[in-house]
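Two complexes, one shared chain (chain A), two partners (chain B, chain C).
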Partner chain A sequence: MFMNANLFEPGKSKPERVFVQSAAKQNTRFDGRKTSEFRDVKLNFGADWGTVTVSMGDTMVLAQVSYDIGTPTSARPNEGTLHLNVDIKGVSYLDEAQATYDQRSLTLNSLLERTFRSSRCLDLESLCIAVEQHVWCVRVDINVLNHDGNLYDASTIATLAALMHFRRPDVSYIDDQIRTYSERERELMPLLFLHYPVSVTYCVYKSTPQPLVDPTLLEENAADSIIVLSFNSYQELCTLNAGGTAPTNVRTIMQCAHSAARRSKALVQFVRKALELDMEKRQQSKHVAGLIDLLDGSLSKFSFKRLMEQEQPMEVDAVQPSQASRAESEQKPEKMTIEEQSQAGQKPAVKDDSSWLPEGNDVTQEQQNTEQIVKENAAKNTKATKSKPNRGKNKAGKKQAAAKKQNQSDSEEEATHII
Partner chain B sequence: MSSALNIVMPGERITAVEDVAKGKRIILGPGLRRVNDTVVASKAGPLKHREPNTFWVDNYQRRYVPARGDLIIGIIKAKSGDVYRVDIGSADSASISYLAFEAATKKNRPDLNPGDLLYARVLNASPDIEPELVCVNSNGKRGKLGLLQDGFFFKCSLNLGRLLLRENCPALKALTEKLPYEIAVGVNGRIWVKAHSAAETVGLANAILSLEQAGHSEIDKVCDNLGDVLQA
Partner chain C sequence: MSGRLELLSEQGLRLDGRRPHELRHIKCKLGVFEQPDGSAYMEQGNTKVLAAVYGPHQAKAKKTEGNELIINCQYSQATFSTSERKNRPRGDRKSQEFKMYLQQALSAAIKSELYPRSQIDIYVEVLQADGANYAVSLNAATLALIDAGICLNEFVVACTASLSKSNIPLTDISHVEEVSGGPKLTIAALPSAEKIAFMEMSERFHIDQLETVIETAMAGCREIRDILEAAVKEHLIHIGSAADWARVC
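Now for the complex of A and B:
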């Protein structure tokens, strides 16, 4: 049963909006979740390499990776290409107004482009066969099958999982001849990643400072603004998409960023774990799910809640062997303390996250010699003044992140790093 | 009403109804159609019969087809000229005149804005023209019709709407024992509820939505669950 099967989407009428706003204020959500609670993410791999469905509640997204040998662009002759294509037509009945649908798919497309292409998460140089002549063109088709909010997270998880699951055949290039080896001749090769980005979505309401995480369509439509943050597993920010009309201060964004970073890391771990289990499954039996099985509920799916429950105790062991995550293990002690604090209770954690804020505001106020500006303005100014001078620092900052995080007064610097 | 579950598919010739028709005059309800001398189903679902002579197919549907006299809930989409455009979940949007409200005159117009909810009656509906709504009865009084304020609003299947609108519906009765609430149900599969607190409203809405899948036997269970939820 899908609530949004009628012509008019949920969350478009005034009573719905008013109700969701007031419910958010009272910390109540329609599906009984807490403000910071996510829906379970279910992952399912198809028969082909790089076919994945992701479902979060009623939202369902299918991602399919395909490949081709093509010519590179003249600007980057030694890099393969990654093309992302979002198809939201499956749910175009959602709103009769073409504008919404167009805007929706544009936003989604740009988010995915920035998360996966601009952040250069794939090692595209490894996709080069012959410079200026032949490269691998990887294409990801994202099909939205049902929309019950938070398409952003569902599609980024689906894209990431599909790319990680994908295998391409090996090729050799001798005497201007490309030879593609079949699966029997040589083993298929996975794509090489530089980092693993995943997005986390928050809804902000004017009625409450507490943002709602993983919104449903009703909550999304009733929201004043939506913040989408993409983090990779090393907790580096890849994309920040904040729009809408709710006055969002730095405190809220930082609070979101902190939890989004943790969540992204857990999600990437979940995808890795699901991939491992899938590999085991493939080695054991020949039968793998087809498209119908993929969409059908009957198949046992990899559920985030179930997998990560087991994962918790062995988290440290699982992460350390991988060479890439060295930075991560360095950050570990500090991060654990954050987690402990947040577990200790929501209010203290919130306070702790924001304890640096007054200082930050004071600094900017001193710099600008302005007084009596409202808090929101202060927040905006913080963004405006800090972003430019620190831009150079940001790039260097990424590598220093581990060092920065070790002292307690790090948060202010981290804010500039993120903004 | 016959309890025997007899599922028919669209295009299926229904001889059982034809047999009855030989003896007496019968009424074909929604989902049944007369083609020459045969009776053919046009929708899928259980065939229902009410004594003495009415037959219809109770199919699962979410798209509303307007019919004269229906009580529906609509969302104001826009003002245009001297009518409001209202979305009622049908293929075409409906219209309601400024003057179709209690005590409305040319000078004294009702103040409605896009997004507002309206409980209204369908004045006329035909396949060829836009459905028209009114918020007054023939005496010019509003009765229960008009703007719905506050509360929460959601959509469901037309079947669930009809189930709730049935005379002495067991579900609503059982819910009444648990908590006081206001409800407006449109036959277009739209429900508006209002209880004292947000938590109660959420519980109520979820309980009603869960009836969608539940059979008659499960209604009590759903209502009991609601009681537990509200106490917690």
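Now for the complex of A and C:
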């Protein structure tokens, strides 16, 4: 053991702290990022359902979902269980003292617990086989493979992606007999979600009012306080944790909250997209990556930057819906004129939106067309625009068929909300 | 959520008859023990907490990290504090967590530059748990620190807040309200500076409500601060009365 082993970890010594503080004051970071810039998130799925690695810079986390049939608790006899466990022994070389190790695993465990369990992100009632007798017990094991700051975000993304990727076998319960069906007999079933939470982490320094997002280990250790916020894609706050030696004010927290809400939305979109691409890949070829491939850097991974680049217009859409819709209608003028011409004869008649649409049109076009129509005869169709939620527009932009499944659970979530 | 109870009646009263912005009744006393350097007892509704402070004293050589002050906290909950007997008073995940959060909030309040190479031990014991355990523990710890004569930047006080189904913010939630499934936000604040030393939240609500809920909790903190301040003044008059301080005030 080192005499002053705390110096072993970056960011614990005083000169380092002073250095990071002064750099933060000048809005510079050591890896050249801006204060509000994230590291690229890379996602990779393993051969088994529910095996995911997530890397953000040098931070790497492996999440693995396992399942079992067990008995429910007496307090909730009709609900399955979700158990989360974080293992940070992989980076225990950092913790020379038991206290720091305890603290780290404690905060991480409690964050995950609150993000996924107390916010009730899984529909646990759907995991019930027979009330008071048999339920599915889902367990997520999160292994930290390397720690370069922001374990919080990496592990929540990994947990969410693993749970969304996970498939369980179908089961039937007849005459007190449980029968599980193998993959060949019946298709495997995904878990049902009520909402999709992801966390975003900020570091606050005494020297500057501007918080740093997605800190590295050096920045995290030198920080005066750390703010972790979990949001789901509907901008609902699921977990919040802020604390440290430097008190923060309400404004900083609100500022973080707003940007975290946007970031979470984009992250969930990214995870969905990566899942879809993974499904396509699975259907095409039989070879899928094993554990070694997962940890190896050579394999092509789903990168946030690359995947979300194409989504850029959609993100704009999310921020400023009015502008984006204007841009959309501007893009489409030629098409519309053609359609207008073809329909010139029928125009005066009051039409059902769907009746005149050519079949096989994808959802996006349908939406754009309706928008155009709305502009033309605004008075007639105001109802249609009002009932169309903003959120729906974003989703419609996604053309993948697989997205439909997710949308279903989305609407379910909305329904529960209203209740 | 379907399983969630409505926390407000039609008349706008809560389960225990309080109005949404009303705190529970607070009773506190400083200097309840002779042996420790500082101690305090605090009652907020049915939540009852004892706190004791030892120090500042010389830190153990092993622990010193440069010149810094070590704040050592212990949170324990009596086995008889809950309706179902607890197996052990401390060491479980929840109390470990609370202990850490106490440390965080107190380190933001104590003027640590005045106590280099020293250590302050704070022991908190929850005698009866009826919601907002962390908040009441922190308030008791603050009083005990004041009783021990340790320099603070300001009173650090904590308060909880929740949100009823009809989006009306509630201050200082009790155990029944806690378990009925609403969101729970705990803030430890330095009320005069309007700074937040520690904040924790679970369950979920929309971002638009966040600011109002934080504001409610902060207002609760300010109210509690006034009560604690009055208690400290009264205590000082009381112990000083032997030297005729009471007449001077």
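By our rule, the second predicted complex is superposed on the first by the 306 of 419 C-alpha atoms of A that agree within 3 Å, B and C clash if a C-alpha of one lies under 4 Å from a C-alpha of the other, contacts with A are read in each partner's own complex, and residues count from 1 in each chain.
Basically, a residue touches a chain if its C-beta (ideal position, glycine included) is under 8 Å from a C-beta of that chain, and two chains touch if they have at least 3 such contacts.
All figures in this text were calculated on a predicted structure; none of them were measured in a lab.
S.K.: Now for A:14: first (chain B), second (chain C), both, or neither, which partner does it touch?
M.R.: After superposition on chain A, A:14 lies in contact with both partners, chain B and chain C.
S.K.: In the overlay, work out which of chain B or chain C sits against more residues of chain A.
M.R.: Answer, by number of touched residues of chain A: C.
S.K.: Identify the partner contact of A:23: answer first if only chain B is touched, second if only chain C is, both if each is, neither if none is.
M.R.: first
S.K.: In the superposed arrangement, which partner chain does A:244 touch: chain B (first), chain C (second), both, or neither?
M.R.: After superposition on chain A, A:244 lies in contact with chain C alone.
S.K.: Considering only the touch criterion stated at the top, classify A:60 as touching first (chain B), second (chain C), both, or neither.
M.R.: Touch partners of A:60: none, neither chain B nor chain C.
S.K.: Is A:275 touching anything from chain B or chain C once the two structures are fitted on A? First, second, both or neither.
M.R.: A:275 sits against neither chain B nor chain C.
S.K.: Have a look at where A:127 lands relative to chain B and chain C in the superposition and call it first, second, both or neither.
M.R.: After superposition on chain A, A:127 lies in contact with neither partner.
S.K.: So chain A touches chain B in one structure and chain C in the other; where do those two contact lists coincide?
M.R.: On chain A, the overlap between the chain B and chain C contacts is residues 4, 6, 14.
S.K.: Hey, which residues of chain B end up touching chain A in the complex?
M.R.: Contact set of chain B toward chain A: 62-63, 75, 87, 89, 113, 115-117, 148-157, 189-190, 192, 197-199, 201-202, 205-206, 209, 212-213.
S.K.: Which of the residues in chain A end up touching chain B in this complex?
M.R.: Against chain B, the touching part of chain A is residues 1, 3-8, 10, 12-19, 22-23, 26, 28-30, 32.
S.K.: Going by the contact rule at the top, pick out the chain A residues touching chain C in the complex.
M.R.: Listed in rising order, the residues of chain A that touch chain C are 4, 6, 14, 102-103, 106-107, 109-110, 114, 118-120, 195, 197, 231-232, 234-250, 253-254, 257-258, 261, 416, 419.
S.K.: Which residues of chain C touch chain A in their complex?
M.R.: 1-2, 65-66, 93, 96-97, 100-101, 104-105, 107-108, 185, 189-190, 193-207, 210-211, 214-215, 218
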